[in-house]
Amino acid sequence: MGRRVYAIVGGQVEGLVKKETKDGKPFWELGLSDGEGKMTLRAWSDAPAYGNCENLAVGEFIEVRGEFAQQAGFGVDARRWTLGILGEEAREILLAGSPETLKKQEEDYGLIEGSVRGMGDPRLRSLGELFLVDYGVRFRRCAAARGNHHARRGGLVEHVAQMMRGALGMAGAYPLLNKDLLIAGVLFHDAGKLWENAYPADGLMMPFDERGELLGHITIGVELVNTLWRKLLGMEVARGWGEVQPANEDVRLHLLHLVASHHGELQYGSPIVPKTPEAWALHYVDNLDAKLEMMAGGYANSKSLGPRIQERAWPLPGNLVSPLEKWSGEA
Amino acid sequence: MGRRVYAIVGGQVEGLVKKETKDGKPFWELGLSDGEGKMTLRAWSDAPAYGNCENLAVGEFIEVRGEFAQQAGFGVDARRWTLGILGEEAREILLAGSPETLKKQEEDYGLIEGSVRGMGDPRLRSLGELFLVDYGVRFRRCAAARGNHHARRGGLVEHVAQMMRGALGMAGAYPLLNKDLLIAGVLFHDAGKLWENAYPADGLMMPFDERGELLGHITIGVELVNTLWRKLLGMEVARGWGEVQPANEDVRLHLLHLVASHHGELQYGSPIVPKTPEAWALHYVDNLDAKLEMMAGGYANSKSLGPRIQERAWPLPGNLVSPLEKWSGEA
Amino acid sequence: MGRRVYAIVGGQVEGLVKKETKDGKPFWELGLSDGEGKMTLRAWSDAPAYGNCENLAVGEFIEVRGEFAQQAGFGVDARRWTLGILGEEAREILLAGSPETLKKQEEDYGLIEGSVRGMGDPRLRSLGELFLVDYGVRFRRCAAARGNHHARRGGLVEHVAQMMRGALGMAGAYPLLNKDLLIAGVLFHDAGKLWENAYPADGLMMPFDERGELLGHITIGVELVNTLWRKLLGMEVARGWGEVQPANEDVRLHLLHLVASHHGELQYGSPIVPKTPEAWALHYVDNLDAKLEMMAGGYANSKSLGPRIQERAWPLPGNLVSPLEKWSGEA
Amino acid sequence: MGRRVYAIVGGQVEGLVKKETKDGKPFWELGLSDGEGKMTLRAWSDAPAYGNCENLAVGEFIEVRGEFAQQAGFGVDARRWTLGILGEEAREILLAGSPETLKKQEEDYGLIEGSVRGMGDPRLRSLGELFLVDYGVRFRRCAAARGNHHARRGGLVEHVAQMMRGALGMAGAYPLLNKDLLIAGVLFHDAGKLWENAYPADGLMMPFDERGELLGHITIGVELVNTLWRKLLGMEVARGWGEVQPANEDVRLHLLHLVASHHGELQYGSPIVPKTPEAWALHYVDNLDAKLEMMAGGYANSKSLGPRIQERAWPLPGNLVSPLEKWSGEA
Amino acid sequence: MGRRVYAIVGGQVEGLVKKETKDGKPFWELGLSDGEGKMTLRAWSDAPAYGNCENLAVGEFIEVRGEFAQQAGFGVDARRWTLGILGEEAREILLAGSPETLKKQEEDYGLIEGSVRGMGDPRLRSLGELFLVDYGVRFRRCAAARGNHHARRGGLVEHVAQMMRGALGMAGAYPLLNKDLLIAGVLFHDAGKLWENAYPADGLMMPFDERGELLGHITIGVELVNTLWRKLLGMEVARGWGEVQPANEDVRLHLLHLVASHHGELQYGSPIVPKTPEAWALHYVDNLDAKLEMMAGGYANSKSLGPRIQERAWPLPGNLVSPLEKWSGEA
Amino acid sequence: MGRRVYAIVGGQVEGLVKKETKDGKPFWELGLSDGEGKMTLRAWSDAPAYGNCENLAVGEFIEVRGEFAQQAGFGVDARRWTLGILGEEAREILLAGSPETLKKQEEDYGLIEGSVRGMGDPRLRSLGELFLVDYGVRFRRCAAARGNHHARRGGLVEHVAQMMRGALGMAGAYPLLNKDLLIAGVLFHDAGKLWENAYPADGLMMPFDERGELLGHITIGVELVNTLWRKLLGMEVARGWGEVQPANEDVRLHLLHLVASHHGELQYGSPIVPKTPEAWALHYVDNLDAKLEMMAGGYANSKSLGPRIQERAWPLPGNLVSPLEKWSGEA
């Protein structure tokens, strides 16, 4: 099931346990995370990596050399591998991400910055800029989820950027939507995940966070918007906003509503259902992006069940069928 | 609750019953439909309309003159009214719809025609053209639903046109989507409603249809696509399609999948869940358009509960809050 | 169905519409609210109140004299009534509530104050005291809901006080529970209703509030705790809290968790499920008090279906059966 | 857990992968399907079968000789086995099925043919006969499901035959039911599974089918009835049906309704709910047969939890209790 | 909407209230029940019945003469009516039911008796006979429900008899079913309704019963079987049952399981799910009979929506379509 | 993952199977139950325990000596172990439970006895006393569930005792509750589990019971109360109860209602919903105790996900967060 290739893989040690087989043969089980996925490796007592593991600690950055095989539906499997500790420089390169990922996320982040700068309403524009200044670095190393979709370092930037593309498309189709509000909603809707699904500056493992567990990303996102809003109103830029229409407080409440209602139904964790047009638009733009990213993940990784049919990739509701090829020629 | 205005309203008699009040006073209850909404009028024995009602029949076209008041949440109420039978010409004008509606629907139908002509895949383009030729007239007098949203003569054209705008926006944001397939999906997704929610050529009342009751619009839509497809494959235009990629049969199956899965979940009546990217896109584009149209209806008709708050307009899940005004000035 | 009694009822005019019967007879429909319930009165053109209504305005305080009958399941019905405008003094008395209600709510408020003062943890105690100082007046005229249970001026005080009794009972039974935290949770769990279900200082009608609609009382409650917390940390009393255990921030997060999770399940509007022992205790203490208050309301108002059986009082799930009499004698 | 028996088992190779244990010891994993169930066998490098596997290919027909044990809840386990390639003749015998199965399915198919011939309405009778002529061979090698019940070659014939027995029983109890329509509904209700759950003529493995995935068996079944109907109306037998009562088109719609609604609820994949008496009868006759077949499977295979109690066999909702013995003697 | 006919209707006075119209005009509202349905009549002060009502009491048996009209979906409406008190004899006739109903229920009861006598297992047969002896009279005046289906005096006998016909049909189709157990299950499954839905010997109004409210018919049915079982084991007939197979206690438990599980799912009020073949058979036979009776009621009473289409009759899930006519002629 | 400790563990052999690894190496798998939890041990052919297993039988009492490690989320793991058969005396000690457990359950049982004796209503008090006399021994070796919470020998006593503490706390907070009835409800609510979740007198393994499977603990509990009630009414103590208020039969029905409705909703297996105040109080007191016990189990056993965060312990709905430390010092 799949060809084996020789490769070098870098990552951070997420778990390291010495175990025994049922019949008492010892081995090391090593969990490796590279900020996009996870891999479990086993070293037997007669393998060269066995000795290395004795001196390894959770959190160290290493590289693994060996034969790897993609096993559809079961992750990556490694054989005959050795490991080495990464130096400072190699570690920085690893933390920065692959060139392709970096490039993709640079473009996506640029699109977000452009959309923020392009907002007409000075309150929402300034709030967005303040967010990018104060939290941009953290934002860029955050995932959009712990599993399901965009569950990787930088995944939140990709999700937000792609949603902005979708939101602009919808705002074009429905001129009555308040585009500034919708763009701000996209920017902030998952901002609470900067605590719930963040990677540390110097690590590739997503920890669990007590604040995230006790409040959830929607409540944290509301608190974040409020904190930034208070700061903003005390800044120079906010002078003269006292008189404008719509009133500051209305803008704040509508933005908070978008954050609070974006899951669309109480049962999915929104404490309030959508009550404005932008809230519905945000909800569907979010859902469509999540589904299309899940499908992309499913096409890439899910087990084949037959020609052009792949196994259900949870939480999608059914098996996957390959997309219909686009028309290219002429009849 | 609302000012009364003097007006003339035309429509078709949908119901006509002579009743008595609890204490035995007779009156006529007349249901009037104008293809967009319904109105119930009552004529007491001392009113001029009372005598007219004696000679009226269900199905006749009349005009009603009197004082009307919009009662939020309870439809329109009429007082001191008289009625007259419409002549042939007035009836034609009424069937054609108001100039604003006509203009709006002309534009929307034009957009649909343009989108169909713009498809690159000759199978889908020809199928769309064949549908417009064979069923365009019926399509234009069909509603998108019996209630909820776009529940009016021509409402399906408005719904499909607006969804095409949304689909084009989304196809722009997600270049990997097969745009031709998505546009064809929008065109045909509710085509079964040409039987389930059609108005007759010469009437303003939506009847119930045995085929619609026994099969539902999704199954009818699938049958319609199959019927058109068979006809198309027998036409001159289909010569030479035998060799092209993707194969004809694949195109047919993917389009049928879009029709069949567009409700997104089994519990909402789709016999199959979405399994391709275009199926998800179609589902969300459909849902967003329905929700925004429901909100528009709610803002127009739902009862006020306080400043900028209106009562829940079923099936929306909560009360309505007035949209945030767009930014127009400068800080 | 019920004896008619002559009575005098005071309240505020909530609605006032001139209507006509189906056969054109005019009458005034007057909605009266007294902060505990609502009543609809009708004045016919030959009744003395008819003329009074011509000069009345929504918001005015009046008293109604006439014959009243309790109609189980359908509220109160009035006949042969007259009305008078209340003077300043009578209005103040009305706003203050009936002596029994006043006394009950005084006792309940006293119990709340005592519970707050009795907390050992200085952060939670001070936060509770600050809340009572800053918001106590508003708290005392707030309801616990718009319908269902405790839907009356001062109802929230009664609900919170009774929940404190229950929470103390449970803390006695489960010594491991953090009683201070639980009491603070009871105090703040519905504090967002100070905006969602508040009566104004000078009125007996509960308005709808845009903040309440857009955020819901859980999100508002979280924001309120945060606002009070920031204020508290800047106060003299907070000096020296930097070193104590458990840390301030932990206390804040656990209290916010109680507010956020107290509905127990996502589908009931909590953005997060209970994850600590106190969160479960709060949830069940809240639910039990709501159910017992609903039953009390049902026993008082619901229609009889037979000996000791009364009709379901929504949202209770079934009919009501009269409680089993307590044992008083000796066998 | 269960006695081991020496046996010879024939089947088709469904999967064949060379694997390694965690400690690097190689083995072959061979999936074998015999059209009724599946078995997984492992061959270690020191076993005679190991070498055979090197030269084997997926799709080949083999026989396996060895010791087998039924492991309740975990399928069949084989030890010390060898394998041989089947010759043409042995393969034909295997494809034909065991004599008991053959006999059972012959009888069942005969009952179906008899029921079809026994229908009074010439449209339904001819349609059924046409189906058996055109699709009988495919029908006989189809399963009723991929899992759950009747998930074996010929299982659909057994399910349909047994449902016909049930339907005749119910038609006897409810003389008002249109028996012809109900029998036709039984015949066609799962006919879409001829594509969704078919075994190939020359194989014992059920493939996944793109048409089944994109449309589902209900939509395919509707299309099949329509295709046969069109063909039938063009045949000699259909002459003179133009005038009869009930009209052809009514018969077609009612039969399609039975196919479309037989899952009984939208959430189980019916695009329409039952709206006629025969639709309800078909739904319950289908459900009862499926449940009784699941119970039979559960009694045969599910793990024992104690005397006369067996573990839940999904999708049944609870554990199984042994049936109450029938009364045989006299008290 | 419907022709008016002059008729005489007998029944028992279920409610009697003097009311006033909104404009103070007095009238009597009289609820009349005849054990099959209910009717509400109004008598105005200028009507002859007005005076009669003054002297009437709830529970009296009367006859009403006047013009009646069936209003589809809204029950029966009466005009210009007078009333008379029924004498002893007329009252007995009324309590006995109409000749058609009597005859139908006699036949149905005979079928039940025959099925009971026909059981082979002496425990189940004797238990059934004991039930008919001890509770037969009460059984015959019980309804199968308060609404929905068979909600009339004697309705339970009709429901049980028809289910026995269905159960015999199914036992014929599935020879493995324990027919005696299934027949006993049909007999006792709703026996708890002898308390929940009973009409008194001398009345036509179904009261609410505290036992029914507190326990529900399933728990009462279990208690009833246990009570009869204890009595039976103490009777002469039970001698010698100590040794037989299956054991007495097994028979009791399996029968109780049928009573307890017959709603099929916990959410419909069964405290346990079906775990034996007979439990599933009973559940579906019950459900089918209820649905077919609801359909019969719907066809008789539900409002027409168009040719062969009638409005949804709750709790059926959709509109009704007229049954397909049976084939009678020859093609 | 966890330190290994040398220990001696006693228990009863619940399962014993000789297996082979995939590569044919034989080993014994031994399931050991000590009435609180389960452990699986494996003995390889070169281990001393291997030979012992040859002569062991299911049901024997043994002690295991070896190195044990707690593996969070995966139970206990043993290495290098030997086993010995327990003598009569050691076996009695083991059946009696550990001294701490014994002491805890003695206290809890004492509290139950005290609460029963303290009831004022002589019917409920005597019924409780009769239950303790007739079933106390069985009660004391019963669990409160098969999994989830209190799933250990004596667990039901602990659950009932703790619920009595909670019920007394709630009865103090709500003086209107009938405390005697509530206490009796706590005592009997799970009494059906004496059959569903009982351990035998001489064993540590919980068997499955046909009565439990066919009826469920709620129906069995109702039957038990009825059986005790009949016995009680025949006893000397019941003389003179004929006249007292409330009547005997009312007391019985209300107590049965508490047993029947204590799951709170039909979908959780109650055949009837709560309809009295005590039924609601019992339901929430039960639920809170179950949740707090689940949390205690989760804190003890669930896997750590980070500082103060532990993995979801099913059926709790989310991860666990460590409780907030109580305030102990002074600010």
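Order of writing sets the chain letters: A, B, C, D, E and F. Residues in each chain are counted from 1.
Rule of thumb we're sticking to: a contact is a pair of C-beta atoms (placed from the backbone, for glycine too) under 8 Å apart; a residue touches a chain by one contact, two chains touch by 3 or more.
Everything numeric in this text was worked out from a predicted model, so none of it was measured.
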Message: Just to be sure I understand the contacts, which chains border both chain D and chain B?
response: A, E
Message: Counting C-beta pairs in contact, which chain pair has more, E-F or C-F?
response: C-F
- prompt: Measuring between mean CA coordinates, which chain is farthest from chain E?
  reply: A
Query: Residue numbers at the chain A-chain F interface: does the shared fraction exceed half, giving same, or fall under half, giving different?
result: different
- request: Would you kindly tell me how far, in whole Å, the mean C-alpha position of chain C lies from that of chain A?
  value: 43
- prompt: So how far apart, in whole Å, are chain D and chain E when each is placed at the average of its C-alpha atoms?
  reply: 40
Field: Overlap residues in chain F, where contacts from two or more other chains coincide
entry: 210, 213-214, 254, 257, 272, 275-276, 318-319, 321
Field: Complete list of chain pairs which touch one another
entry: A-B, A-C, A-D, A-F, B-C, B-D, B-E, C-E, C-F, D-E, D-F, E-F
Interfacial residue positions of chain C with respect to chain A in the complex: 210-211, 213-216, 218-219, 222-223, 226, 253-254, 256-257, 260, 266-272, 275-276
Field: Residue ranges of chain D touching chain F (in the complex, touch as defined)
entry: 1, 21, 25, 27, 42, 44, 79, 305-309, 318-319, 321
Task: Going by the contact rule at the top, pick out the chain C residues touching chain F in the complex.
output: 120-122, 162, 165-166, 168-174, 176, 178-181, 240-241, 244-246, 250-251, 254, 257, 265, 272-278, 280-281, 284, 287-288, 291-292, 295, 317-331
Statement: The residues of chain F that touch chain D in their complex are 17, 20, 22-24, 207-210, 213-214
